[in-house]
Every structure is written in C-alpha cells, then in structure tokens.
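In the two assemblies presented below, chain A is common to both, partnered first by chain B and then by chain C.
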Partner chain A sequence: MATAVISHEEEVRRLQRREGWKRRLPILPALLFTIAVTQIPFLFTLFYSLTDWRIDTVDPRQFVGVENYVSLSGDKFFLDAAWISVQMTVMAVMGSLIVGTGLALLLDRKFFGQGFIRTLLITPFLVMPVVAGFMWKTQMFNATFGVINWVLNTIGIDSIEFATKYPLASVVVVLIWQWSPFMMLIVLAGLQGQDASVLEAARVDGATAWGTFRQITFPQLRPFLELGTLLGAIYLIQVYDHIEVIVGGQPGAKNLPFYIAQRSIGGGNRFGLASSYSIIVVIASIIIANIGLRVLSGLLEDNS
Partner chain B sequence: MSTPSTGSRGLGARLYRGLSSVPMWAFALVWLLPSLGLFVNSFRTRDGQRGSGFWRTVPDQFTIENYQTVFEANTVNSLGVSLLNSLAISIPATIIPISIAAFAAYGFAWIDFKGRKWLFIITVSILAIPLQVALIPLLKMYVGGAHLTLPFIGKTLTFIPAWGINGTSTAVWLTHTGFAMPFAIFLLHNYISSLPKDIFESARIDGADHFTIFWRLVLPLSIPVLAAFAIFQFLWTWNDFLIALTMIGSANPDALPTTVAIANLAGDFGRNEHLLPAGAFVQAFVPLVVFFALQRYFVRGLLAGSIKG
Partner chain C sequence: MAIFTRAPKAEPILGQNRLVANLLGLLTWFIGLLFFFPLFWLVLNGFKEESVANASPTLIFDPTLDRFREVTEANAGLLSFAEAFGNSFWIVLISTIFVMILAVPAAYALAIRPMRKWRDVLFFFISTKFLPIVGIIMPIWIIARDLNLLGTRTVLVVLYTAMNLPLAVWMLRSFFAEVPKELIEAAQIDGCSLLGQLRQVILPIVAPGLAATALLCVIFAWNEFFFAIQLNPTGASTIPVWVNSQQKFQGQFLAGLSAASVLATLPVVVAGWAAQKRMIRGLAMGAIK
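Let's look at the complex of A and B:
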C-alpha cells in the first residue's frame, strides 16, 4: 500500500515535470524577444562603460576598467544633473497631481458644457513635447510676445525672460501643463467610484466641504494618486524634448537624460563615460523603484 | 455623480449652476492659452507673427497660406509625406509590442516556472535605462550587427547580422518596440494577473492549452488595458523626436516623420518658423482622433488590476 502511494507520487511528479516544460514553451518566444530587446542594449551599455570609447576619434577603444566610475564621483556636472533630475521629476509629478486633482474636483459636478470643457482640458496631454515647449516658449514665456510678460507689463512690472532666468521652473511648468490632464483622468475615475450615500451622510451630519474631502474623499483617492505618481514618474524621469526646446544647452535645467545625451550623441562623443552614467542611473532607479513599489503595495494592501 | 442631487430643479439652483460654470470656462480659457496662441498664429502671416503677440492680431493678417505651404509636395519639409512616414512608424511600434507583451505578461502572470519573479523584476527594471545612451550602440548594431571577438581564441561570434536598416522607419519602430516592452509587460501584467482565477482553472479542466486560453479568454478580457497601452504607446511614438532624429536623421530625409519635419521648420535659422504653428496643428490631429476614439478604455484599462477594491 505504502509503496503504491510513493510510486503514484513519483508518477505525478514526473508528469508535472513534463507538464512544466510544456507550460514554459508557449511563452519562450515572447520571453526571448523581450530579453533580447531589453537586456542586450543593457549589456552593451555595461561593456561600453568599462571602456574609453569615443566616436570622434579613430583610436580603438581601450578597456579602462572602473576608471569612468571613479571619475564620476568627482564630476560636478553629473551630480548637478542628478540633483536637477530629482527636483524636476518630483516637482512635475507633485505639481501635476495637485493641479490634476483640482481639475478633477471641479469637473466632478454638473455644469454647462462639462463634457466639452473636459475634452479641452485633456488636449495638452496629446500635444507633442517639442510643440508644447515651443508653444510656451513663444506664446507664454517670451519677453516680447509672451502673454505672461504682457500681463506683467500692464500691471507695471518689467518683462522677464523666464526661460533664461528660471530655466528649471519654466520646464516644470510646461511638464505640469502636459501631465495634469492625465492625473485628472485618473483622479476623476476615483471620484466617480465614490459612494454617494457616504457623501450625503457627511453632508447631513454637517461636515464642511474641506472636512469631507480630507476625511472621506482623500483616503479613497489615495490609491489613485499613487498610481498616477507611479505612471507619471516613469515618463517624467525621461524628459528630454522639453528641455531641448525651452532651455537648449544653457545650464540650469539639464537633467540626467539630457546631460547623458549631451556627453554622448550631442557632441561630447564620450560614449564610455556616458554609459557609466546610465549604469548608475539604472542601479539607483532599481533601488528607488523597489523601495517605492514595496511602500506602494503595502499601502494598497492596507486599503483593501 | 450618477444620482442627481435633489435640489437641482428650482430656478435658483439652475441659475446657480449656470453661474458656477463661469469660473470653469474662464479657467479652461487660461489653461488653453498657449494652444490658443499657437492656433491664432497658425492663421497669421509671417510678418504678423513676428510683429506682435497673438492677442494683437488684426483681420488683415489672416491667411491660410501657412497650411497650404505645409502641405505643398515640393517643399523639403512637406507634412503630407511625413504624416505617412509617422504612421509607418507608429502603427507597427504600437501593435507589435502589444502582441508580444500580452503573451509575455500572460506567461509572467499565469504560468509557473523557475525564476519567474526575478525575470519579471529585471525586465521591468529596464524601464530605468535612459534611452539616450542606448541609441548609438543600437544604431551601430543596425548598421553593422553585433559581434563578439573572443579573447585568446581570436574567433568572432556573430549574434546579430548586419541588417543595414539605419535611415529607415524599421529602425525607428524596432527601437520603440524594444523600449516599450518593459512598460507594456508591467502594465499588462497588472491587469492580466488580476483576472479571476476560476476562469483559467475551468478552462484547463476542459483541456484548453495555453495558446487557447490566451486567444480565447485573456485577449478578449484584456481589451481595456490593451487599448490603454495602445494610447500611451501611440502618443509616445507619434510624438517622439529624438529616436527618429537619431535613427533616420539626415541619412534619409524622405523617411522623416512629422516631429522631425516640424522641428526642422523651427530650425533653419528661423526662416520657416512661421509655418510651425500650422504644422503643429496638422501633426496633433491624428493623436486627438486616436485618443478620443479609445478614451473610454483608457482610464479603465490603467486602473483595473492596479487598484484593488
């Protein structure tokens, strides 16, 4: 009896093993392609980061070990760019979350032309970054033709060339303008999923609008805000086009992607060095993302 | 809000509602001021645009010549051709990653295999690579293939043959496909892993294999998230400037997408800068149509699977 049970278990295990391979087989093509397109460039980057490769000289690239990484800790421009990256991403994500939530709260009431206004408000999200940057640079920030300076002039303040004087803030404003509609859509979905009877009960009990928002609406919105933060940050950390158009090569708003591009394809031609920057960025992002995801999933579990 | 509030019927309430929409309209106007300025300027003559801000437009500056010039076939930066080039990039760059990522996401979510969790984490972490640094190595790979010369033995292994696809739209959408995979897998995995377990179990009891389950169950159920990703990806690839510039650049001016063509209008010492507003509106038309056609899926697809409860 006992031996029969064991052989039966072995049989099951054998079948499961075979099943296991049959199970793996269908995802292999997709997996192989994914690994090829995502990991091969990474391995190339890793390899280049250990060399002194430049594309503007005919010298063969030399293996220099960790020299690039050592020089990096003393590279003031790299550290500046890293700091700008952090500021730019945090300010753009927070700013667009706040503005987006505000827009969603305003839109979550019936008023004349609601659908039309909603549509109009979304449009900045669909505009090409190069054009968005150009729009703001020429129509808003510009010292002679910009609306903001026209308003300043009429109240008696001298024109300010915003893009030159406040490069980081100028870029962030445009990013917020483009990403608030996205946050608005997500928050709006959160608001519309609210239980109307709970809000009604709060109103009957004499809660103020602010109290209702803080005590009832905001806790319910939290997972939506976190999702918006995550998705927004994934895109906003990679910002390049806006900086190129609004600020160009001037200092003050160069984030890491921009600096890395400048040092490699943008004329610096130092691919080995730029590759080592990227590796650092990837490692830092993995650490931050891991902590972030853990915090995020913890919060989500609390809420459910 | 689905339930109409009780006090919305009286004349006073209606008046209040009418008035309360005024700030919203005013705000929307301010919000759209940059777009409005560009729109007004797209119908102004070159001298008009250069002479004053858009709010000082006078009727005799009105012209539709900018739009005509932008579409003229014989100008270098004709948008007619580049619109087609953009489609030749964006359509494959949207459809191909979705097809591959959907299957990979299904695998990561519902097929048990060793190292699944780690492979998933590594794949998603690649999101963090600044694509700018991978561009030139990729371009080199497209031109000359990927080879590795083994030390000591002196033998050269060829991983990828020399395709010579630089300067074509293939190079651009292939690159987009690669960079899109991590995010696509991340987003689709969130959704597909949240599908109810029962349907997979009963399908397996009925003898369905993974291909059948994927085609018959997972794909139809995942339409919202597929549409959500499609919107993201289409916007991203349609509006991309840097990858197209690097992969096509000056190698093949006939294959340039709209974004580069428009940026070229602004360059060239500003000689054609007055055409940029018109070009921008032509370029923005396609994503507007795509977004509003698919928007009912957009939020639903992003939220489902990402937010519990």
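Let's look at the complex of A and C:
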C-alpha cells in the first residue's frame, strides 16, 4: 500500500519533469547559440584584460592581474575616449528623445498627408549608417559643396568645415537625425495608448494644452520615454560607423568602441590593454541596462 | 492594436483651435520635408556629373545615369558592386533564416506555453543585446583567425544570427502572445498534434508578425558595418564596405559616392516603407506587450 503511493507520486513527478523538459526544449537551441556566441567570448575578454597580451610579439602573454585597470586612471587616451563616449551618448540620446517627442506630438493629430509625412520621418532610421555619415559629411557639412554652408553663405556667414572643426557635434547631429524617428515611434505608441476620456475630462475642466501635457500626458508617457532612453543608450554607446565615416582617424570624436577597435584588431595589437577598456564599457552598459530592465519589468507586469 | 489605424479619439493635445491646428499641420510638413531633405539631395547628386556635384549646390543640371553605370562596373582588384551585393544577399538571407529557425520555437515556448521563470529567460535574451560588441570583438577575431574564417561569409552569418536573435525572440514572443489561447485549446481537444497546431492555427495568425520580424533582421544585417569591416576587410565584403570604398583619396567622387549610396540604401528603405506599420508595431509594442 505504502509503496504504491510512493511510486504513484514518483510517477507524477517523473511526468511533470518530462513535461517541463518538453516546454524548455524549444528554447534550448536559441539559448545555447546565444551563450556560445556572446557570453563565452565575453569571458575570454575578461581573461585577456588581466594579461599584457600583444599579438604582434612572440612573447608569451603574462598574467598581470588588475594592472591594466590600474593604469587606466592615468591613461590620457582612455580618459579622452571615455569622456567623448559619455558626451556623445548623452547628447545623442537626449537630442533624439527631445526631437522624437516633438515629432510624435505633431504626428499624433489628424492632418492632410499624415501617412506620407510619417513615412518621410521614419526613413532616416532605415538608412545605412555608413551612407548617413557620408551623406552628411560630403553634402551637408562640407565647406564648399555642403548645403548647410550654402545656406550660411547666402545669409552672409562664412563657410565652416563642420566635420573638422566640430567633429563631436557633427557626429551627434547625424546620430540625432537617425535616432529621432526611433524615439518618435516609441513615444507615438505611448501617446496612442492614452485614455481618451481622461483627456476629454481635462478639456471639459478647462485645462490648457500645456497643463494637460504636463499633468496627464507626461506621466503616462514616462515609461515610454524611459524605454526610449534605455534602448537608445544601449545602441548609441556602441556607435562606430558614423565616427569611422565622418571623422575617421582624426581626433575629437573617437569614442571607446572606436578606440578599442583601433588599439586591438585595427592594428594596435594591444589585446590585453584594449580588453580592459572593453570591460569598462560593458560595466557601464550593465549599469544602464540594470536600471532599464527594472523599467521594462514594470511594463511587463502592468500589461500581463 | 495597430498604432495608426485606431479610431479617432478625443481632441489631440496640440491644436484645439482651427488656425493653430492648420499652422501645426504646416509645421509638421515643413519638418518632415526638412528631415527627408538630405536623402532627396543624395538622390539628386547621384544623377549629376562629378563637376556639377563638386561645386556650389544647385538644383538645375542635366540628369545622367553615368554615375550609376560607373560605380557598378567591375574593376580588377577592387571589390565590385556585383560581388558585394552577392555577398550581402547570401549573408543576410542565410542569417535571417537561421534567426527564424532558432527564434520561432523559443518565442513560441515563451509565449504560448509559459513555464516557470519564463521572464528570466526572456530577460537573458534581451540582456545579451546590452553587451556592447566591443566586449566580445577581440576573442571573436582571434577565434575567427584561428579557424581560418577571417574574410569569409560564414563568420558574418554566425555573428548576424547572434546579433538579431534576441530582438527576434523579443518581437516574435509578443506576436505569439496575441494568439487566443482558446483557439489552441480547441485544436488540442480536437486531437491536433503540436505540429498541426502550429501549421493550422498559429502560423496563419502570426504570419504577418513573422514577416515583419524577418524584415527587421534583414535591415539590421544589411546595414551592419562594424563586423564587416573588422572581420572581412577583403574577400567576402558586403555592401556597406563597398560604399565605404567609393570614397576615393584623389579625384572627384561625390556624385559616384551618391549613386553608390542610393544603390546600397534603396532595397532596405523600400522594404521598410512597404512594411512600416507592422514593423513599427513590432518594434514599439513588442517591448511593451
């Protein structure tokens, strides 16, 4: 009697286990592939960062502990690149968020040609970053053929070679041009999820447009703005293409990813040191992502 | 749920006064055209003679197709358009197929038959997107070198699959989550097998979502430059690398570069326009639903 009960319970547990595996199995290939291609190389980077490895010498790599990290605080190139990374990311994210929100507010109304204008506005996001960089550099910023300088000349201002004189600002302008449409779409999703009756009630109560925006729309948009900030920051901290094309090897706009590639596989060969830079970028991203995931998690809770 | 097809709601926040509304409409048109202007100018320059493009900006010129002909001509020793296009085509196609093969079962499992801790798994996928590429580029370069994969299409196929997989799982899950549970239960009661459920009940409903997800993977893979230039500078180079090579160090190249840019950008922009509503929904709502 007793043994029968136990074996029955075991049978149930065995079935449950099998059912659990059946549910997990479809996820495994994707999971294992992702781990193999992203997580394992990261562990290698972590290991490299603790060595003095250079691939252009035959000297065996030596374990140097945290020496690379200690040297960072006095490494002028690293500090410059890190500071440029911070400025570029913050300016591009804030800029595209502000422009994107403005565009979303303008688009969230009925007007003639709404669909057409929306199509035009999302196009920059589809454009290949390399092309976006070239186009702005050679046809907008350029001192002789650039449209912006042509406009400046007609109103009596001398031409400015933007890409050499203001490399960081030039890159940021192109980034904002490409990322505003993305932010616009996210904010638009938020705007269109608004409760119409609440807006109606505000209007009946005689609220001004600004008052309605600040008191009702903005709080509702907040999670969407946070989401846009998170996704934008994650992508924009990694910008490489625009810098390569617009400023190339010149100083003034080299962010960490650009500098890391240059100092390692791009001919610098200093894998150990460059790996420690990479780890710093990853840590910064983890901090941003942790804050962001909490936001996303909140969104999922609310909607499930 | 479609973002742009909703019923008209109460008055928008901006523009309750008719005059203000018209002015705002006008302003929106102006900004829309301004945003698009650089691309419009790029297309114009592609049809110019080099001497016209490399001068003060002008709208009046004799359009010519010569630049398009020149940039697509093959030059011995240089990466040709046809080669780069072929490489991009296969790399994008195969990596997108791999992404879908891996992502569809995972997204299905996460959405329709949620298990304990499904949220943790989903977050793991997203979190890999948060890992900056520079965090893994050096080992990947070393591994590719040691396996003799530098300069091959294979290495880009693997990396683009990994790059797009998290986004695809994320988007597809939200599309699968919209399939009514009752439909699946009804099919199960009717004795429909798992494969039958997938084919007859679920696929027809999520097909547009699958297409939108695949298209987004295509766009990201087509436009990718960092891996392509770092791991494939010669050999199996893709379209972005080809565009980059059209910047010459001597002589005039602006019109030719513009023509090349138009050729490189057009396929993806047209595809994006055609599928914009669903793609936008997948991108924006995929994160929220």
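We adopt the following convention: the second predicted complex is superposed on the first by the 245 of 304 C-alpha atoms of A that agree within 3 Å, B and C clash if a C-alpha of one lies under 4 Å from a C-alpha of the other, contacts with A are read in each partner's own complex, and residues count from 1 in each chain.
To be clear about the criterion, a residue touches a chain if its C-beta (ideal position, glycine included) is under 8 Å from a C-beta of that chain, and two chains touch if they have at least 3 such contacts.
From a predicted model like this one, the values you see are computed outputs, not experimental measurements.
Colleague: Clash or fit: chain B and chain C on chain A?
Modeller: Aligned on chain A, chain C clashes with chain B.
Colleague: Looking at the overlay, does A:281 come into contact with chain B only (first), chain C only (second), both, or neither?
Modeller: Both: A:281 reaches chain B and chain C.
Colleague: Is A:120 in contact with chain B, with chain C, with both, or with neither (first, second, both, neither)?
Modeller: both
Colleague: For A:172, select first, second, both or neither according to whether it touches chain B, chain C, the two together, or no partner.
Modeller: neither
Colleague: Taking the superposition as given, does A:105 touch the first partner, chain B, the second, chain C, both, or neither?
Modeller: In the superposed model, A:105 contacts chain C only, not chain B.
Colleague: I'd like to know which partner A:209 touches here: chain B for first, chain C for second, both or neither.
Modeller: In the superposition, A:209 contacts chain C only.
Colleague: Go through the superposed model and pick first if A:185 touches only chain B, second if only chain C, both, or neither.
Modeller: So A:185 meets both chain B and chain C here.
Colleague: By the touch definition at the top of the document, which applies to A:139: first (chain B), second (chain C), both, or neither?
Modeller: Both: A:139 reaches chain B and chain C.
Colleague: In the superposed arrangement, does A:91 touch chain B (first), chain C (second), both or neither?
Modeller: neither
Colleague: After overlaying the two complexes on chain A, where does the chain B footprint on chain A coincide with the chain C footprint?
Modeller: 20, 23-24, 26-27, 29-31, 33-34, 37-42, 44-45, 48, 106-113, 117, 119-131, 134-136, 138-140, 144-147, 150, 177, 185-186, 188-189, 192, 196, 224, 227, 231, 234, 237-238, 240-241, 256-257, 260-261, 264-265, 271, 274-275, 277-278, 281-282, 285-286, 289, 300, 303
Colleague: Looking at the complex, which residues from chain A come into contact with chain C?
Modeller: 20, 23-27, 29-31, 33-34, 37-42, 44-45, 48, 103, 105-113, 115-131, 134-136, 138-140, 144-147, 150, 177, 180-182, 185-186, 188-189, 192, 194, 196-197, 199-200, 203, 209, 212-213, 217, 224, 227, 231, 234, 237-238, 240-241, 244-245, 256-257, 260-261, 264-266, 271, 274-275, 277-279, 281-282, 285-286, 288-289, 292-293, 296-297, 299-300, 303
Colleague: Within the complex, which stretch of chain C touches chain A?
Modeller: Residues 3-4, 6, 8-16, 21, 24-25, 27-29, 31-33, 35-39, 41-42, 45, 53-57, 102-103, 105-106, 108-110, 113, 115, 119, 121, 123-143, 158-159, 161-162, 165-166, 169, 219, 222-223, 225-226, 229-230, 239-240, 243-244, 247, 254, 257-258, 261, 264-265, 268-269, 272-273, 276, 280, 283-285, 287-289 of chain C touch chain A in their complex.
Colleague: Taking the touch rule as given, give the residues of chain A at its contact with chain B in the complex, in rising order.
Modeller: 20, 23-24, 26-27, 29-31, 33-35, 37-42, 44-45, 48, 55, 106-114, 117, 119-132, 134-136, 138-140, 144-147, 150, 177, 185-186, 188-189, 192, 196, 223-224, 227, 231, 234, 237-238, 240-241, 256-258, 260-261, 264-265, 271, 274-275, 277-278, 281-282, 284-286, 289-290, 300-301, 303-304
Colleague: Under the stated contact criterion, what part of chain B meets chain A in this complex?
Modeller: 1-4, 8, 17-18, 20-21, 24-25, 27-28, 31-35, 37-38, 41, 52-55, 100-101, 103-104, 106-108, 111-113, 119, 121-138, 141, 146, 159, 177-178, 181-183, 185, 209-211, 214, 235, 238-239, 241-242, 246, 259, 262-263, 266, 276, 280, 283-284, 287-288, 291-292, 295, 298-300, 302-303, 306-309
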